[in-house]
Every structure is written in structure tokens, then in C-alpha cells.
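Just so it is clear, A, B, C and D label the chains in written order, and each chain counts residues from 1 on its own.
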């Protein structure tokens, strides 16, 4: 067991990566997954293809642990590979739920890695099972694989497009096939990210192509960023280059706004915007919207850092490292006895008294979920001697769960879903509390404010405006 | 094998912790070691005593891995315990070299944890071996244990004082005994740190005492900081309270200045000074001493962060996170094939193009050792589009190895030992390079400059002024 | 890597076990699998059902290693469970090929454990894949699961019967279902074994039913042997008792004769015959058929022991332990350097000189496969001083591979397939060599000799008379 | 936790092995330890010396597990090595108690492996500790190492002789030194075994020398048996050949008689007698002394096998495998719930009904310790249908604990220490019970009977006649 706050991140997603046409594709994939480690720390997997056969390795653990052994990489030959980082779900984690999924089917072999969530997975699964399909995992990905397998079309690509029309949801998909190469696909509204990169050749080695959840995974292997896939786009990557297919037509664009706020790495560029710059601009907006007299601006590390820099710059207040993060928190730690629990031990954060003592402190954090972590941090900052604690949040209140691939608590556990701002302030024991406004958030993204129509982003977790139908919303039919 | 830069830290030391008179002492010790994890990531050990018997558990790995299992903690009963974090040496690491050392001897049992280095260990060891002593490890600590065991004095405390007079070096020592309680000791010049804390009682639980390398280990368990041990002080902690002994008399004070620059955690307070504040002041001094026209101040994370904040504040330039650190680097990672090596992959750092592109960048780092890491970072920043790169170092040039407990390369591997400033600048490919001056460094510590005499700190790695005789300097006689 | 002779057994099969209606069904299953460990040492798995949900644990290793941890058993609640021991295949062993297979399908859940081989698996698999089925493993069992899933019948039992009519092969099958209880099935000719047992109630605990590959697995848990399943019989075990179904009609009976010779444990009773007694009678027949003047009868342990006892008794020669077996051979051992290889090291057997020196020795072994092991043993016995070595084999010459579930080398590796008796004698360096005759073998089973028609057993590996069509004989279509 | 009967052996000892002057000495040592695995299954260790440095590897586990990895063997270079198998003690087993012990001392390095027990270890340890010696383990071996280290003599050999005069006990010792080569030593009365072998050269490889607990360890590597070391002999093996030293003079000869009865492997030759032949002769004596009308002779495997063969031969009754042993019992197994416990599960033995049903059975076993195992076996044989069960034991009643290196229960746990023959018979539920007589036992060894004086063997566990003073008998002073 672990301390509540020792789970590395309050929200969880996944990372996907694929490479085509480059020697040692699996080694590059391991590096790419390492750069995407923040998107999922529980498990990692790679499937490679060497022109003859598929090879796979999947295990629970960090990328460096799962693929750190050279023998493992040597066992994944070929110039094409796809990989996946899985986030940590509570409870029954099994290797059978680790991606990529590999399956033998009519076309000889198919590997699929998937980030996101289908909103009609349970419904589809029920229908598939009635038809005689067998499920080995509880993953949405397996639904997609079955849809491809039972499609009546002749080619994998047509089958993928056929399957794509049946599924609803927010997802990025990377597929490796023996004959058609590497396929990438983004959901019709482009809620989840997927970028295309070009691996330059070097010496006598050929270049090739890369797909990744974020650009930071291109940077680590020296690949050049080409572009984001468009919403609803399928790319087919093989010896003939990159070909685009459009199974859906143009149905809009609703990129997940929370990727900017929290999920993506600050050095990534998503949909043409630097994540770091968006965050610093949010900090600036926040300072303008809800400035308060104070002595120091302190980020809750790590996600609050750029916003706190932006806040400090806009407000003219000094930016200081008032909270230190311990990066050595392992996956497990001492099970808290009552004694230890009473000590209120913080495994991950500690207060820097030199910065906080006697000061009026502005804390900048990305969001408030249950409020328990925020309360602990405020209490810790007060215990270190802060005179006042003003909490500034770089997102609007999180009032609704995400059904599009980010693992959030259900509504009843979301503090903002049931409490007024003042109640929340009291709950976290802050002297003041402010969230960024919707308009401020969209201004930080370069808009005039939140568009009344033609929304450019999905902000359902704040607004409840779900752009994709929630077919299975009333509870998944089949659960592990 | 691991990438050169993936070893978590360029310098290495150890961390020690002890607690007396508190239920579940081992659980608290594990927490304290977790807070001291930055001082040593290779191995961890705890010895506890329950009034009847000693219990021990030692293993390679992070504290959370070694002590994360509740059964392990349950197997370490008692209200007294000591623990140790070991740094990662290259090559032959063995469990037999993990501390604390436990030995049965004439007084029934003795556990010792030790941070630092004896400068006459090899000489003493040779003499002890001639006398018939047997060594099971290659650790200096074992020399101390033998000296205690063969002492002709009657009590453990007298024997510890007897041993203390024979050893030379820089060390902090924590010893657990059946009859005399917990003993702490700092070397005569106080080169290595050791602080005393008070564990408050709660509910019906008694309070007790804590010893730790840094105050951050007191904070995590809610212990109050009492004071640093004085140079040369022995404290005896037991049911009668805390008693001080002074085996050496006053021979000066030379606390390791590099603890402030690099080693200690920023939220620690050492010898009355906040490590964080010293670092920000060094950044300010550096800005005054070697300011340069530029667009942005960027820290090399994590140790450069406070100094970069101080530099930015003093210079009026914006502070930005131009380099992102990946905290998921495991102990091992993919063995670089030539291909991967050619990619110049950075496992630990990545450049944030949004901040760096087209900018004149001031990089703030703590030191230059071999120069290879600095060169890689400068190249990475340039590759991200920086127009100019100005390196500012928060220590004077590292020209001499440390013989006092910090694992540094030998002189021939130190870039500064053999090259002029201009040669160094070229070697790291920077547009300009500046180190803090000795006077600037001491000003940051609150002095007028570096004292001509009565030095307050050990700065031998910069100055070559070694305050403790190097008896074994010409090479240890007995090596593993 | 391991020494050639250190692989625990030259032939390999599997073991299956199931229990219904007894508390702690998984614990009993682990014990049953332990008693069946000789049938497969590579991996073990259990799926349990507690009336609500299925639980599974599968891993590589011996039963005691995989299920020795109480937490593992505690995680497998319920009064129904099935288990499987998997034999060690060379090369690509993966957890994904460990049984039982569990799948979600139209009836909510299905677990299948299977011993044997389908002779039309590849053909069926090809057809299923064309239909859109996805395969996650390379196991025949998965074919059966798919056939059940796509069957158009309404109930699981009808679907199992439907599937049974499509598959050809030699197999014993145990299936666990949520609504229909525990199902057991033997192939139409009863080639592979499966016995039914009754678990008596005790104290206030109810009794229940057990299915197992051999009776020794009933003995270990105190279950009473009821009867062998009949060839082609399906038993449905649930709260209403045991019901039999006969999907095939009577097509004959061809129980695998090699189970008596080698595979089964000597304390098992199969098809009404004690394995031990059959073996001792074979030894007696062998003595009558091919007696030779000698001083001592020595078994090649362990399978040769009962036959050697029978041979000694019939011949009047003394039975002696001239070869000692080392039972501690682990799964891996020192990779033989040339030096070690030259020593001709025997990891598993050693010669007992006191018995062998100066003697004319009759060695009794179960079979000759490649001849290499026999040669090593004869050489070892000679090196220990034997004057003459007469090899007596308790089976007819192994000339044909088994396609019915026993992992034998292909024909080109079988010494007897290509060599005369005299050539074989020379190859193994024996003074004389004799195999049991077909008639002698059948006499030991209680017949007058080998029946000209109406064979009662499958002896295809000796006779080439394959009673089940080899649909896929020309090579499996789909391989891992 | 494990089932009571799953611990592999009721008595426990250790095995030692050493090789000098042969390439890949560590590989040969691993093979030798494998052949000696029956003497200790808990842990194994090897120390090698390559002319420059010592190398060691020690771990809990079977030899094949600890040394099966080629990298481990490659890390133990040199042409000299010693090794040790440790038996399984209950409770606190630690790596620190695994042998060989390696220590740096005045002569640069010393490795010691030791089988047996010192009867004045606690007394010596107390004195050494008073002198200032530190103990890291609880092993007797460490006492010997300290005595060598503090000896005032100049050479290692003189120091070993000096130490030898101070210790009392039954032991075989192998020591590896940098300058004096390989030393072997047997205790003054030769209670524990140690044999000398000659490793023939081959191709261009030199030959060398081997020391081992039993000859079976010579056989596995193809070494020729030269002779047993004499009681009290020290052999010094180096480039000059083998030299003998006699520190004690002739004080008699008392080789452990229980090595013949139970401990040694049947293919070993100890003190010129084949263990197998001694056992069969004991079986013959037993048949003559206490024959009984019966149908079948059944050994309790494995140690009862040769004696049962001898008994059957002498009595003319058929020898049959009425009890089958499961050799796959791992070190841990399912923790018995009450349910499982009530089933009386036998993990290691199972009854072969075909042999036992309706028969009058003579069981042959090596000894009765607590009586619980014997009772379980008799009950199991009865449950399998035996009409009568007559237990015949190949040793006299075990009435006294061994203080000479075999781990036996204390007197109060020995059934024979407190009960009459008839009480014992009832306790184990047998129809008759007989032990071999002292005279019969000695006749099997080639004597006329048990010598009234000049005993040739130690039989203290049966007779209470302890030939070596029990200095620490009243309880060890220092315990773990």
C-alpha cells in the first residue's frame, strides 16, 4: 500500500509511440516511451516487426525497468515498432491489461496501442460477445481489434476505417501491420493528441517516421516535428511514404484543454502551442484576474511551476521555491500505521521554511480534485510559518468527470461538484481561493475568450459540455 | 550499464539518521532516510533495538523499495533505530558494504552508521590487521568498530572517545548501543553535518530524540530542530536525556561549503543557514560579479534552480524553465548502441524550445566536473535554437578532489585542474563562462569575503587547502 | 541454458485438475496440481469462481513456487476451481501460453484447462480467423474456446458438445462455467486420461467432486476415486450432482499405452489398472522374453524402477540401486564450458560403483528416444567398472512421433526410426539390447497379446497406427 | 511457511568442497556442491582466488539456482576455489550466516568453509570478544577465523595449527589462502568426513587436487578418489603437491556412524566402505534380528531404499515401491488452513495402493526422531489398505542429540529418549517395531559387533557416549 499522496499523479492517461523504417526501432520506441513516462507509470509494452514476425515484451514497471535490459531490446528486432505507457489504475492491475495488444487474425498479425477511451465500448463489447467474440482483457483496445477482425472489408486499412465508424470516443491509436506498415489515427474531434515526426537518416542509415503522443518524444530521439495529425485523420506510413485518409469528414475540433493545464510535458508543443507558454500565460491571466497582496509566489511542483513563473512576472512578486518535491517516491512505501498517519507525513512534498516563514504566500496549483491534497499542502505551508496562504488554480473548477481517457474520480468525489467557492476555500483552509475563468483560460490559448459556439477545445471536466455522446455513460456493462 | 548522465548525481555522499525513545523507531527511520534519499540512492539499511535484541535489514535499492514492505518494518521492532543511505559507487557494490554495520563485541552489540571519510583508515586498518583483527568489508566504518572493540576502556562511551582520538577525517557517526542508548558524533572540525531534533510526544505516546544529516529529515516526521551538533561533539542520548562530551577540545570549525552549493536539500537548514537562501544569494552574487546581456536566466535543474532565481532577481532578467528534467530515469537504461549514442540522447534533461529559441540564455549550474555534462547541456540548448549560451557556475572551479567523504573524480579528471577559464569555455562550447569568486561565495554565507585566516568552512575542492591531514593520501593501502 | 540431461523429462505432457463444491477449492487445486507436477513443470495456473466472479493466477514455475504464497491462494476464492500444469517447451515460452484460458464471452465467463492435442487445430484456426476470430495464444485450447463462443446453440453444454464435434484429437478438457458448474470431457477414443473423484464432507463442510488427470491427485486431498471418465464422455458437475452426456456415440477405446510405460505416476490407477503393477509385469515379460546371464538388475531411475523390480523377481537376479539420481537439479545450471563438457558431467545421474564394479549389469529403462541419454548412461555404468551392460527397454522401439499430446521429437530424431536393433545397440554402446515385444506389452496389460483388431490402446508411437486422423499432419499452419 | 514434512530432510548437516590447480575452479566447485546438495539445501557459496584477488558469491537457494547463471561463475575466476552448502535452519536465516567466510587479515585474505560443530565455540567466542574481536555472524567458523587472525605465529599454516589446538569439536575444514594454497583439515577423531581427490589433466590442461565431504563430489567432475584424510590430519595443497601435518598426534578414530545410516549419498565411499553396501548389510542384519511374517518389504524413500533391498534379499520377501516420493516439493508451499490440515495432506510421500492393499507390510526407515513423521507414514500405509504394518529401523533408537554438527532436536523432542519400545510402537501405530541392535549395526560395518573399547565410530546419538568434551553443552552463550 501507499500513502494517498504518493501515487505519482492525481490524473492519469496513457502514452503511445510508434516508429517505422528505422533500424533498432524498439530501442527508439523505448526512448520515446521514456520521454512519455509522465503519461503512465504503471506498465510499458513494445511490439516490433522485422518484416517476418512480430515480437513483444510487456511488463509492469517504469520504461527504464521494463526495457533497461539490453537483452530485452535485442529480443525486439526490426525497423518498425509501437509502444505504450499505461497509467496506474487502482486495484486489479494485470499484465493482461498491458498494451500494445497483439493478435493473430485473418491478415496474419496486428498490434494496437491506444490512448483514450471509447464511450460505446461496453455496448460494442456486448454486441461482439453475442456474435461469438472472446475477450481476454478489459481494455477498450480489444474492442477495436475485434471490430477490425470481423470487418467484411478486404484490407486492413478499410477494416480500420470500418471499425473507426463504429466506435465513439476520444482516442489516439497506433497500429502496426505486416503489409500496410504503421497506421496512426486520431478521433474525429481530435480530443487526444498525436503528432507526426520525421526521423532523419544519418551515416548510411535510412530515415523514417515517428508517431507520438507528444513532441517531447520526438525530441529525445532527434526526430523532427512534422505536424499534429488532424482530428479524424488516419495516416498510413510505409515504404511509399505517408498517406492520409479521412473516414469521418470534418466534424469539428475539440482538443483536450487539460493537456495544456496539466497532462502534457512543458517542453511539448501541442496543436501548435507550447505547453510551457500556455501555462505561463495562464499564470499571467490568473494574476490579472485574481491578484492579491502577498510577499511571494510559490508553485506546487511540478505542474504549477510555469504558471507560478507567469503569475510572478505579471504581479511583480518574487517567485520562490517554497515547496520542495521529493522525486524518489517509489511505487510503494511504508504502510502508514496510525502513529505515522498522525504525523501527517508528506512523502512527496516538503515545505521550505526559509521561503515561507512570516510570508503571505500565493500558491499556484493546477487543479483541485477531492481537495484533500490541497488541504495537506496548505496546512504544511502554514505549519512552516506562512502568515497567509492564497491558493490560485490554473484551471476552472473540476466539476465533472472525464469520459474521454483521463482517469478522474466520479462526480461525487469532486470537491467543486458539490461546493461553493467559499466552501472550497474553507475546506482547503486557504485565506483566499481563485480559479482561472473560462475566458482567461481561453485567452491564454490565444482566443478572445471562451467561444460561445464552435468550441475549439474540450473542457467538459469544467463545463460539463461533453462533445462526444456518452453511450455507456450509465455504467459500463462489463467490468473486471 | 547506464548512460553517463543517467547516474542520478555527479557527486555522492551518504545520509545517516537515528531515533531514540519513540515507538516504531524503524518506521520513522525509514521516513527520515527517505527525506535524505538525495544523499545516497544505492542502498539503505536500518538496525533497530527493542531493549533485548538488535534487528537489521539492509539491501541495495531506494529506501521506498527496501523498506516499503510492511513486513520488513515489522521485523525491526523497538523504540531505537539507526539508518543509513549509501551512495552509488561504480563497480563492485556488495551488500557487505551496506551500512549500518552491526557487530557482536564485548558489550553485547553495536550498530554504527557513518557519513564521511577517514583520512587514516588504511593506515589504521593495516595496524589493526597486524594485531589480529579481521575485516569483512572495505568500509571505513569497520575501522571505527574495531577501534571501539579493542579499546581498553570499560564503557562504550569511553571506548568511542578513545577510538575518536585515533581516527582522522571528516565524518558524522551515529551509534546504537544496548546500554548507553544512541550516540552521535561529529568530526573535530565539523566538516560533515549532523543535527539534533526533538520528537514531540502525542496522544499517550512519549517523545524522543532524533539525529540526522539534515533538517529535512526532521521535518518529514514532525520532529523539531534543536541544534546542529558542534564540531567534535559527542551526544549521548538515553532515558536520562542528552549529554554532551568533548573529546577533542576546540580545534576550529570547517563545515563543508559544498553542502550549501550542491549536496544538501534546499529546504534544509545547516549551521543556522537556509540552504535555499545561501543558493539564491550565490545567484545574486554571480549576477553582480559576472553579469552579461541576455534574454533569459535558465537553471540546470535541480540544483541550479535557487541560484537561477537569485540571479534572475538581481539581474532583472526573466527566470524561465528552459530545461526540463525527466525524473523517471531509473538506475539502468538501454545500453546505448552506436546508433543511439550518435543520436546524443539525453535521458535526464530535455530542452524547452519555446523558452530557448532565438534567445540569449544564461545557464546557471552548480559546478563543472569533467565538463562532459556541461558540454552536452550547452549543445542541447544551442540545438533548441539559443542564440547565445552564457554559463554561470555557483561554485569556484573544482580543481581538487575531496578526501572528506564526497565522491569526486581524481584530479586528472577535473577539467578545472588542468585548463584555463578560456579553455574551459571552449571545452563546454559556451559563449561565456564565469564561476563565483571565493569572496562572492563567502559573502553569500554572510562573511565579508573569504577569511584570510580562521576559515569557517572547508573549501578544499576549490582551494586545495585541506584542513585535515591526508594520512593515506598516496593511495589507500587496502582496496576492494 | 541447461545441460541436455537436466531437462527434467524426455517426454512432456500436461496435467489438469478441477474441483466443485468444496470450500477453498483453489487450495485443493494447488495440492492436486502438486501431485500432478510430473506431468508438467514449466508453468501452473488456477482459475476459481466464487459464484459471482472468476479469479485467476498463472505463472511460470513449479506449483509450490507459483501457489506457495498464501496471499495467492487467498486471492482465488470460491468453491469451484480448475488448474493446469504446463510442460516445458523449448524456446519461446510465454505467460500468454499458460492455462487455464479464461475468456469473457456471451455467457459471461469461461475457463478451460486442456491436456492433449487437437489434430485439426491449425485447420480450425485458419477457418476461425477467416471468420474474424482473434487469437492471443498459440494453444489448441483457444480454438476450443472460440468454437464454444461462436456456436449457435443456446447453452454452454450444447455449445461444448457442438465444439466437440468439430475438433479432432486426443484430449482431456476441464471447463468451469458460472451457471453450469464444472464440465469434464474426454476425447472420443479416450486417449488421454481423466478420472472422477468424490470429495467427502468433513465436520460441517460439504463434500464435492473432483476431476483429475490421474488418481494420485485424488489421493493427496483425500478424495475417493469414483471412476475414469469413459471415452467420449462429458460430465456436468453442479449442485444437482453428476450428469453424463455422450456427444459421440461409441467409437472405440484407445487409451494411451505410454501413460503406463512412462508418463503416469506409479501410484496412479488408470483405466482400472495400477500403473505400478503394469510396469512390474512389463519387467517380468521382458525377463522372460530377453533374459540374459548377468549379476545384477539396475533401474535407470525413476521410471525404470518398478520394471526393474519385476525383471529381477522374474529372473531371480538381485535388484540393486546401481544408478543414483540427484533430485536437486534445478531448471537452470552452469552453462557448460568446453572444459566442463569434456568432463562428461552428469547432473542428474551418478553411478554407484559398489554395485556396478566387476558386474554384468542389466539396465532397465523405459524407452530410447535419440539414444544420446542412453549412451551417456551406458558409458557411465561402464566407467564405474561394469563388465557387461545389457540394456532392456520396457517399450517397443519408439519409431513414430506422437501427435496426441505428448511432446516427442520428430521422426528424424528418433533413433529407432532409422536404425536396426544392432545399429541401436552399437549406438548406445551396450553389450546387448532388447525391447519388450508388442505382445509382451499387451500381456502385461492383461491381454493375450496385441489384439489384431479392436485395439484397446493407442500405441502409435511404436506401431505408426494412428487411430485419429491427422488433419494438420503436414505441419501446423500457424506457428508461434 | 511450509508443511512439517516438506522440509526436505529431518537431519541437516553441511557440505564442503575445494579445488586447487585446475582452470575454472569455480565451475568445478559448483558441480561438486551440486553433488553434495543433499548435505544442505538452504544456501550455497563459493570463494575463488586467481593468484591476485579473492572473489565470492553467496546466496540462499539451491546450488543450481545460486550458480546456474554463467555470469556468476564468470565472476569467480581462478584455478583455486572453495565452496559450501548450508543446511536449512529454522527461523532467522540470513545471508550473513552463509559460508565460506572471507576475511581480510594480516596475511591478506583467508576463506574458510566448515562442516561440523565446535563444542567450545561459545566459550572461545566469549574470550575473543573480551579481547576485542568483533563477530559479524553466529557461525562457529568465525571463531576459527579469529583464532587464526590473532595467533602469534608467523605463517598461516602454523596459525591454523595453533587455532586447531584451541578448538574442540567435530569438523572438516577447507581453507583457501593466497600464499599457501588450499588447506584441508579433519578433526582429531575424524568424526566428520573429508576426502582427497586428484583431478586428472586433459588435453593441455593441467590436473590438480580436490577436497570434498564425500566421494560423490569427486565422481561428478571426474576426479579420482585418492584417500580419506586421516583423523586430525591437515593437508597443504599447492604447487609443491600435497603435504600432511599432524597437529594432534593419534587420539583415536570415531567416524560418525550416522553418515552411513542416513546422511551420506549411497554412491559415496567413506572410510573405505560403500555407503550403499553398508546400508544393504544393515537391512540384512535387521531381517535376521527381527524378521516377521509379512508379504512385502517397502522402503520409506529415499534413505530406506538400500536397506529395504538388503532386508528383502535376506528375508526372501518381495521388495516393492509401496511409497512414492514427490520430488517436486519446493521450499515453500501452501500454508495449511485448518481445512487442509484436517485432510492430513502429504506433500512428499504418497501410498501406492496396488502394493499395499491387503498386504502385511514391512516398512524400512532410517530412524525415528519425534515419531510424528513415522506415525503419518504408518497411517498413510494403513489407509491404503495394508493389513499389518511392521516398522524396521536401520539405526538404534535415537536417544541423544548430536553436538557434533548434525542438527537434531533436543532430547525432550526425541521419542526414544523418553519412551519404551512398546510405547514407541503404539505412538507410531505400528503392529511391530524393531531397531537394529548396536552389534548388528557394527557387524554391517565389518566388525564382530560393537567394540567394548576402542570404538571405531561415534554413535553418541544412540549410545550417549560422547567422545568429544561438550564444553558449551549447557547452552550456547551467544545466540542469534
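Everything that follows uses one rule, which is that a contact is a pair of C-beta atoms (placed from the backbone, for glycine too) under 8 Å apart; a residue touches a chain by one contact, two chains touch by 3 or more.
Because the structure is a prediction, the values reported are computed rather than measured.
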item: Chain B against chain A, contact positions shared by both copies (same if over half, else different); value: same
item: Chain A-chain B separation of Cα centroids, rounded to whole Å; value: 36
item: Whole-Å gap separating chain B and chain D, where each centre is the average of the chain's CA atoms; value: 49
item: Separation of mean Cα positions, chain C and chain B [Å, integer]; value: 60
item: Touching pairs among all chains present in the structure; value: A-B, A-C, B-D, C-D
item: Chain D partner contacts - residues on chain C that touch it in the complex; value: 1, 23-24, 27-28, 30-31, 34-35, 37-38, 41, 62-65, 67-70, 73, 202-203, 205, 216, 219-222, 265-267, 269, 274-277, 280, 305-306, 309, 313, 318-321, 324, 326-335, 337, 339-340, 342-347, 350-355
item: Chain B - residues contacting chain D, complex; value: 95, 102-106, 129-136, 145-146, 149-151, 478
